[in-house]
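Please go over the structures that come below.
After this come two complexes, each holding chain A, first together with chain B and then together with chain C.
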Partner chain A sequence: MTDIQDRAPTVPPAPPAPPREGLSLSKVLGPIHIWGLGVGIVLVGEYMGWNFAVGKGGMFGALIAAWVVGVLYTCVAMIDSEVTSTVAAAGGQYTQAKHMIGPLMAFNVGLFLVLEYTMLEAADANVMSYLATTVSGQLGYHGSVNQYAFIVLSIMVLAFLNYRGVLATLSINFVITGIAFVAIVVLFFGTHGFNPGSELHFAGLTSSHANGLPYGWLGVFASLQFGMWYYLGIEGTCQAAEECRSAARSIPLGTMTGIITLLIAAALTWFVCAGTLPWQYLGVSITPLFDAALMTGTKYLAVLLAIGTILATLASANGCINDASRAWFSMGRDNYLPAWFGAIHPRYRTPFRSIVFLVPIAIAFAVLPVLLNKPELLGTIITFSILSALLMYSFMVPNMFRFRKLWPIGTLHRGYTHPFHPLPAITLGLIALLVFFATFLGYGTTLVTLVVFYLLASVWFVLFRYRYVARGRQFTMPWPRPKGY
Partner chain B sequence: MTDISAPGGGFGFYQPPEQSPRGQFLDSVIILVLLMVVLFGVTYFVQSSTSTTSVKTRPLAELPITPTEKQQYALAIKHHLVDLPTVNQQVADNKEDSNKYPIAVGTLIVTFGVIGLYMAFVYVMSFKEYREVIRERFGPPGTAEPNAETRP
Partner chain C sequence: MIVHILEWAAWIISAGLAAWMIFDTVKTGREYDETFLTTSVEGTDELLDQTTTVGDAR
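Showing the complex of A and B:
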């Protein structure tokens, strides 16, 4: 059903937004880098985080969440593939909002992106520090491990890598993400997942209603919130559009193969963990796949999954630094934020100031659960990320409708046209609404506070910031006048 | 909002002022402080409002869980993933409860009201600003598209 349009474009391909100081980002990325970026950010969700859905609604709640949220993300991938293959600029959804909804929405979408990825990066670093403690204990070391050192070092090293260049950054992401994905597949075979009952035991799930759905169907709704963690961040592929050799080819190919990879990984993860760990434990575990490997008693699996967890967290934090900095940079380039952030490194062609500026924010939130000695605060930090993403997905619905309305099929060259419009957009809107409700059930205070933050930031933008923005110059695509305007 | 119409009814471009380095620094600080205060505040509130009830430690065999879960917990204890008091705590915290998520209708209305207010503000302002952008980029409605030289 995919409609790849290979006819000659009616308008020239989109140039990058006007660079400052005559510099532009390097166009060096291909489909494998996009896959490495998208899956790299997300795959950590199989290694940690998804299992909080089990605590919210039981094992079946988490499974239903994986399916329902899987549909949401398939819609996200379809919509993103069409729009981004046309709007090929750094900032991804931020740039889309600028061209289709308006400046204030673009400012908000930019902030959604930055918070989504920065909070995810913080969660990654926090888990890595926890894992260092756990693995050292499992290997027989009983001294104290300084978690702060792991958090600060991991973020600093990855930020330095991002600072030095996007090609090396995403090439490394492709390799380490591939290893982390293979580790999940090996665990499935290592636990004889193909032969349920030999090592995986599901009797605990089916023997009584209480085990599968301990909190009833309302618990299933509550699970949807952390069900997002199975796939959260795949839309980050759009941030690399301006750095692709051919965005029209790389973005749809990398994004769609990425979501397929994640659907497979999510299914395998739930299956192995459900058959290995009691749900009461699984619902609060920090590293569920590693724990499942430990439960097998097989040393090579434990080592492999420890490596997989570390690589998944590294890949995710690496991709998050890449994406958050592109969004921040794009806003700086348009004067939505101080223009100082819109600079490109003269040698490495990276948005270096944005990369550096976001480092202390990520570190601050990563150390918070350690500082307060409250590991469960990881859930709150994850919720910041999930909610920011959710607000962005709810924006994608009107964005898609307006894209087709303002520039109907045939008026613009689209690298990819997704099928069944408007079904994916409507489905996305409905499931996003359900997840908002799920968040209200478990993190109502966090939900309201975060929305108030965005409201205050919006008021600040309208009153004090927008006057620095050149109106017409924001529209950077060489497109015809939108229909109806 | 700034009017982009030129004096005398003609059409002009809006020229934004240059922001001084000091102003740029101040704006960076404002957004950073807003972010930190709100998010750190809510994180602190969440952590101070969480509480756990302590439970008496009982042997695994006496816990109200299925035989499969007992086997799995026994294995988890053997591999040092968890100890018996923690198992007791986890089982106590995860009892079957069909009323785990009570819905306070008032809170629900306030929550979705705040979201609705926020969305309405953002969309209304955005659509208004978007008209300005299109008008400056392509000229007033009904006019021919400007050529490359006259585009801003």
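Showing the complex of A and C:
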């Protein structure tokens, strides 16, 4: 080896690459950041929210919802992993729609994304203010707490973090999400979940039909809507594709390990809560995992789960700011929105204007339930998020079919190829339809309002905005010519 | 009492962060040319360097 090196002619070092003239987002992320982003957005759903499924369908209803919706999200993760490992661009599903279907669909998908994450961020900030009130109560203060102050603070701190750079933002998300996940695992071991019957009690579930499935199969159907909480947001990993060192490796690895983590977290959460709390209480609890920890009577578990609840909420809001701003930025870059939003900060390499622009919108929706003194509005805000996500999943079905049709296997490098096509796409479509109908029964007015909003936005886009769209940027991927064209 | 101090601290920190972000956004817009700030191109990845038909990389 040394001989070869000695005999090799001296090759002058290559000249340094000329500096790029344009700006680009920082390509600094790896699989752990993608995991932290995807799981971080979602894990708060394990700490609170999933249990409303218990109120609708009982313990077994919530379990069936976790399974059925888990299949939906596994399909979402598989499809996103394949397509995004190829379409390595900020905007995720918006960019996919632009390449695979067309501008109007892309505009709508972009709006679905922004609304999904901004509404979720607003809900997270609202919950943070609730947690601040709860913590002050636990510390012995029983006066009124100014919720506005803590809503605004949580959004501002996270927006600032996002403004200053994606690497620190998602590294922090990885750490705090990891702690929140470990807290659930510790609770499982702390309650001797590996030895059912010692501390967890399930006899009541099977002894009476009224305990396990109090509202029968109709209740199971109704609980599907809240089963979304176990996994809602894992598809957000796609938004970071342009900032990955290698999207082809990081997106599939981060997304697939993310959905596996969430399936485990959902199973552990249901199991521990089902063995600790009666379903009648669980169905209306605000912080079910924390309540389960309190029931054990072990102080360290209660403190750990309280910390986990706060960290999971922060991680979710943090990831939502990241994702909403990338979607908004991408639409600005292509002139779907004013090009002003498509700017990148020359120092921090973040879509800074999109981040700043979305802050007041998130704050407005977060303070609305407090301002109007209607806590139930929080449910409506979250339903906006869930329905926007469902609309996006519906788009993913034709998108996947077109992707495989236009660029069949073998014509395009894929970082990941999901198995059994078209089964995942068909399954996704069917379950999404089922959840849509279940949501319509519970929140019909909200669904109709949202559809009308998107229709009006589409009319605005066609009449007033499409003329400005940068048509030359519709197909930016240097892919081979699609089959049939 | 401590809660009131925390509330005020929350407002002051929030106002400071908001002021800094707005100031920096305006300053950046003035310091740099708009065409430079909006020059980014989507999807620069090693997989995208493929102008010919290639095999599947499973």
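Note that in this section the second predicted complex is superposed on the first by the 462 of 485 C-alpha atoms of A that agree within 3 Å, B and C clash if a C-alpha of one lies under 4 Å from a C-alpha of the other, contacts with A are read in each partner's own complex, and residues count from 1 in each chain.
Simple rule for what comes next: a residue touches a chain if its C-beta (ideal position, glycine included) is under 8 Å from a C-beta of that chain, and two chains touch if they have at least 3 such contacts.
Source: prediction; values computed, not measured.
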Chain A as common anchor, with chain B and chain C clashing or fitting: fit
Which superposed partner A:215 touches (first chain B, second chain C, both, neither): first
Chain B versus chain C as contact partner of A:89, first or second or both or neither: second
Partner chain in contact with A:145 - chain B first, chain C second, else both or neither: second
First, second, both or neither for A:471, with chain B first and chain C second: first
Residue contacts with chain A in the superposition, chain B compared against chain C: B
Touching partner for A:413 - first (chain B), second (chain C), both, neither: second
Which superposed partner A:453 touches (first chain B, second chain C, both, neither): first
Gap in Å between nearest CA atoms once chain C and chain B share a frame through chain A: 11
Intersection of the chain A residues that touch chain B with those that touch chain C: 339-340, 473, 480
Of all residues in chain A, those that touch chain B in their complex: 55, 97, 101-106, 108, 115, 137-138, 201-204, 207-208, 210-211, 214-216, 218-219, 221-222, 276-281, 283-284, 291, 294-295, 297, 335, 337-341, 357, 361, 364-365, 368, 372, 374, 376-377, 380-381, 384, 394, 398, 436, 440-458, 460, 462, 464-475, 480-482, 485
Of all residues in chain C, those that touch chain A in their complex: 2-3, 6-8, 10-11, 13-14, 17-18, 20-22, 24-25, 28-29, 32, 34, 36-58
Touching residues (chain side chain A, partner chain C) in the complex: 21-25, 27, 85-91, 95, 136, 141, 143, 145-146, 149-150, 152-153, 156-157, 159-160, 163, 241-242, 244, 246-248, 330, 333, 339-340, 342-347, 352-353, 355-356, 359, 409-417, 473, 476-480
Sites on chain B touched by chain A in the complex: 1-2, 4, 13-17, 19, 21, 23-25, 27-28, 30-32, 34-36, 38-43, 45-47, 50, 65-69, 71-73, 75-76, 79-82, 87, 90-91, 93-98, 100-101, 103, 107-108, 110-112, 114-115, 117-119, 121-123, 125-138, 141, 145, 151-152
